[in-house]
Amino acid sequence: MRPSGRTPDQARDVKIIRHFTSHAEGSVLVCFGNTQVICTATVEKGVPRWLNGKGQGWITAEYGMLPRSTHSRNAREATRGKQGGRTLEIQRLIGRSLRSVVDLNKLGEFTITLDCDVIQADGGTRTASITGACVALVDALRHLQLNKQIKTDPFRQFISSVSVGIYKGVPVLDLDYPEDSGCETDMNVVMTEAGQFIEVQGTAEGQPFSRDEMNAMLELAEKGCRELIELQKQALEQP
Amino acid sequence: MRPSGRTPDQARDVKIIRHFTSHAEGSVLVCFGNTQVICTATVEKGVPRWLNGKGQGWITAEYGMLPRSTHSRNAREATRGKQGGRTLEIQRLIGRSLRSVVDLNKLGEFTITLDCDVIQADGGTRTASITGACVALVDALRHLQLNKQIKTDPFRQFISSVSVGIYKGVPVLDLDYPEDSGCETDMNVVMTEAGQFIEVQGTAEGQPFSRDEMNAMLELAEKGCRELIELQKQALEQP
Amino acid sequence: MRPSGRTPDQARDVKIIRHFTSHAEGSVLVCFGNTQVICTATVEKGVPRWLNGKGQGWITAEYGMLPRSTHSRNAREATRGKQGGRTLEIQRLIGRSLRSVVDLNKLGEFTITLDCDVIQADGGTRTASITGACVALVDALRHLQLNKQIKTDPFRQFISSVSVGIYKGVPVLDLDYPEDSGCETDMNVVMTEAGQFIEVQGTAEGQPFSRDEMNAMLELAEKGCRELIELQKQALEQP
Amino acid sequence: MRPSGRTPDQARDVKIIRHFTSHAEGSVLVCFGNTQVICTATVEKGVPRWLNGKGQGWITAEYGMLPRSTHSRNAREATRGKQGGRTLEIQRLIGRSLRSVVDLNKLGEFTITLDCDVIQADGGTRTASITGACVALVDALRHLQLNKQIKTDPFRQFISSVSVGIYKGVPVLDLDYPEDSGCETDMNVVMTEAGQFIEVQGTAEGQPFSRDEMNAMLELAEKGCRELIELQKQALEQP
Amino acid sequence: MRPSGRTPDQARDVKIIRHFTSHAEGSVLVCFGNTQVICTATVEKGVPRWLNGKGQGWITAEYGMLPRSTHSRNAREATRGKQGGRTLEIQRLIGRSLRSVVDLNKLGEFTITLDCDVIQADGGTRTASITGACVALVDALRHLQLNKQIKTDPFRQFISSVSVGIYKGVPVLDLDYPEDSGCETDMNVVMTEAGQFIEVQGTAEGQPFSRDEMNAMLELAEKGCRELIELQKQALEQP
Amino acid sequence: MRPSGRTPDQARDVKIIRHFTSHAEGSVLVCFGNTQVICTATVEKGVPRWLNGKGQGWITAEYGMLPRSTHSRNAREATRGKQGGRTLEIQRLIGRSLRSVVDLNKLGEFTITLDCDVIQADGGTRTASITGACVALVDALRHLQLNKQIKTDPFRQFISSVSVGIYKGVPVLDLDYPEDSGCETDMNVVMTEAGQFIEVQGTAEGQPFSRDEMNAMLELAEKGCRELIELQKQALEQP
């Protein structure tokens, strides 16, 4: 039924490759099937002006797509002179999600910027970004601890993210591009390792969805997020 | 328990005043308590370029806040030279929601723009905007029918929107500003008169929320949206 | 002769409603006939950088129109990414006019921003803005005195503003939109309660005007401004 | 009494040099004392989109200052990414003034752009710009007639512009920078050769001005503009 | 002598990986040592407006760096709202270079856009970009021929690019970042397979260079470019 | 053979007029034939933020063209909202070149900005700008010494700049516009009075150039630059 031949509750193959580029304190290539995102975590001293002197840190995120990461070329946002609404929406989501798993007081006056740059897109770029950025973030926090720049670990718990939706009437997990562009409803879920929700964003693209459909989708999301957190932990066990 | 003295499942007083300004095809002042939004619907011939020749119409939305609609003054977006991420996110939500209740083929090659301008803010500006814009939209569609510019009514069904959240551990309906800025979780819900979901956007500002909390919030949202649709219909029965 | 049936020296009905919105230190809805403008005065500590340490305050103004305040919709300036020339010209005029009636040394290091937002336009939005903003400014200055933030009243005198013009060869007072778009000459005048001029801006849209016509227009403007100052004072006598 | 030693009704030495640069259809260097402005008139086929098919032409203007035309350096507007409010205000004034002396129907579907670029500023740049641009415009219209691109002369009459003001209590003609920055009132006047007004823009920088002061200023302006038109005509009699 | 231990005339290890991402008509990862650039070639129907109807095609390029491709994070150009001068300079160079090796008349009304996005920077990003983009361009041209969209091969000859410089008084080939930031003179050279020059851009960062030094650098550049063209050809022999 | 009738190694007539405008510390009109550029040098206290506290100064440049300095009118960059790639490239070149001849430590914490504004263009605007800006810079440095703001002369040596190219197969010196737009290769060279190179930027517009052609061009450039430095020195000997 699914274009990819997957079963409804089957996520795509996931790869999480750490130390993908060399300069960043955390650098991860995350692949959800053919979707590939480079997630880097940059540690900088200091905080935005409005946090000055409060003794706490800050986590923020930026998102971008290479112009030809998509089927047809999208104009470069740097050329158009501004980030589009979709981009801003996604990077606000990434930043908000990852802020929720860090104790900003323990972080101290550091800012960590998570850059998620899509080099190949096939649906689910924002969920892959959150999942990969969480791993890059852990590496950056380890870096700060190794260098004795912070004393205690500000990391609270893992989060991961996956999309679910109603495709041809059936609730499915981890939509790829053909499903994403053809589905009735699309929902992005961010969950903690304790199985609670950080974000739930469901949108009826085609037709409204019922409470029952919502429940079915949330169940799939829980399964998907649990599997992803397993993979994040495995990746971080590598040296 | 609530700063306003309301019970957990009690929404604020709502006013929906049609024909609020004189030039627009639909013009509504909507008040959710102290939150006041002017929602106008503008009908223009033609569609965006990418829809040319497809014989269908388009619905879009823009959102803004007067600089001193808030407790302290916010810089005017026209002065800063761009709309912020929050603004873009909200106007994309309004546009998407209202597009879902109009049969764009029946609308024909017209564009309807919903401008939602907040003149006083006290929490829930996006939910008030959607609720008011739906009424302005109906007036604009009636205008098109009265002028014989379209033959059949493209309107599918009413939608309304309300916020719910977890405030001091208790699920509450229709958060005002003091609740909004202090709550653990905030969820905006857009529902149809048939009781189905168009949008569900839940965010854990403070701490993650459980499945049970989500269910409690959705129940409150259903109650709130049902009441709002009742008020929309009453307003539209006036001449 | 006039489309509205008014006599040449007859201004439109004027309403000045204070405390129109709740957050601003001064908030006025001013109506010149169908022209409606929300004027808020915001008090903020501090002054622009180039005034730092001079011990004086600053008054500035911003102007905007809701997209559908006009007969056909105007693109939102926040969306276009900049304020247009007409907007900048008007807000510079409002700011300059109101600066002239405040003793900036007595104000001390506070900035007062006057936001004039047109919600319905029918000619004369800039003159209504100045007239309404003057009332909002007085409320803001009263607020500063009540809170003991300043000791003496920096307000020098009232100003009001009205348009005059040559319409079908006849000098007329307070042009509405049909007159404004059809007149030969249009002049905006800002006057003090002592009957002197702050600004005179006359433009021959159609054909040049003579010295005699100028004199006739200035006489009408004096009458109109005098009446407006009476109404400003009445409004401010309300509690 | 005047810093320059001039009598109150004495304008500065004026130079109007045609054919100042070689590419433009009209190119004039105009000097009001130390104020120097290059005014070029460019003829282009076609009109702005909103005039398409109406068979009439268009006149528009742009204004700029070289960064170091002033006492201290002003940031280049191209670098700041936008034209400031003062610039927009001035170029709107120049364009409006010169449009008023051309029969746009006789011009046909041509656009003439007047670029006024200040290379040295000492007060009165906008009045010098209008005065010089009028001469460049005549040259451009002659060019169109010589090339048989238009049949009849669209030029209606000469205009010139000069500033007047109240300096140390005395009405004076043609303010230079030291007067301009120290005066109580500043008025820019644009007049036709028939002695009528196109624009009158008076601003009380310091203190309000009376009707009598206004009359005294207008008299000076009439004298100044008459003299300038004489010089424009002399310049245009050169081959 | 060189920080990397290379001999003066030794280039870094080069990798050219085709089909690096899946959507683009040409997609190459090029590595000059630790410098890694993704070069994609996108084919689109149509040409820029100013080429309409001339029957020829167009080649253009855009360049970007991921924010953390560098030692410390650079602000994202999309966030800053414009491309910087260095970026524009580089992408103009890439576009100009590759335009010179394509017969635009044979290309017909297609536009090929070369996007060069640096994912890891260690000096020489512009020379790597040109070298990699040339391979991506060949793949895109092959794609057009395979699909019978063009009949004859518009490709004239290979080009490659390398940097040379004077480092600690010695002419060296292919500067890495430590050399680039410490050298006296830096020169980027683009050459054809016939051994002629397309671009020579030499800059004395520290102290002026002599004619002899220039000759020594050009000799190294010839060697480097020849080797690179060999590698481009090898890469393109793979299926 | 050359459109102007010049011999291949003959530069255009050059004029260097100092004190061209009155406000700047250095102000030069430089003419290379019909190319005319106003170069001003502005001295300001302070340095860019990233140089704060290092005790050294800074030299920077900006470049612009009056809209009708060219054959057909170019849109004003201030109106378009940004400087184009060509402009940025040229002003970076001017700034870099002049920085190379000043000992920034001796300059102390002053910034000198060189504004090069083209009032008439006929090819070679960037080379004329560098040549003229060098003279304006010397005047500005003399000004600083006269006012005892610096103790020792930071000027190292003269630089000048000229273009060379291959036009109809023949190497020529100092291309004017007809040559520039029709040549095969165009090279801009910046040289010191000691006969060494600061910048060499050669571009094959039409067809690649050989090593021999490059040598022939460099020889012409040396001759041209030597002559220009002679003229710079003569101009600076005037009082």
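By written order: A, B, C, D, E and F. Residues from 1 in each chain.
Criterion: a residue touches a chain if its C-beta (ideal position, glycine included) is under 8 Å from a C-beta of that chain, and two chains touch if they have at least 3 such contacts.
Since the structure is predicted, the reported quantities are computational estimates derived from the model, not experimental observations.
A.B. asks: Just to be sure I understand: going only through chains that touch, what's the smallest number of steps from chain B to chain E?
C.D. replies: Minimum number of steps from chain B to chain E: 2.
A.B. asks: Any idea how many Å lie between the Cα centroids of chain C and chain F?
C.D. replies: Comparing mean C-alpha positions, chain F is 50 Å from chain C.
A.B. asks: Cα centroid separation between chain A and chain B, in whole Å?
C.D. replies: About 28 Å, centre to centre.
A.B. asks: Scan chain D for residues touching two or more other chains and write them down.
C.D. replies: In chain D, the residues touching two or more other chains are 81-82.
A.B. asks: Circling the ring from chain A via chain B, which chains come up in turn?
C.D. replies: The ring, traversed starting at chain A in the chain B direction, is A, B, C, D, F, E.
A.B. asks: Using the touch definition from the top, list the residues of chain B that touch chain C in their complex.
C.D. replies: 21-24, 27, 34, 36, 38, 40, 42, 44, 62, 64, 66-73, 76-79, 81-83, 87, 113, 115, 117, 119-121
A.B. asks: For chain C, which residues count as touching chain D in their complex?
C.D. replies: Interface residues on the chain C side: 82, 84-86, 88-89, 91-92, 96, 100, 187, 192, 194, 196-204, 208-211, 214, 218.
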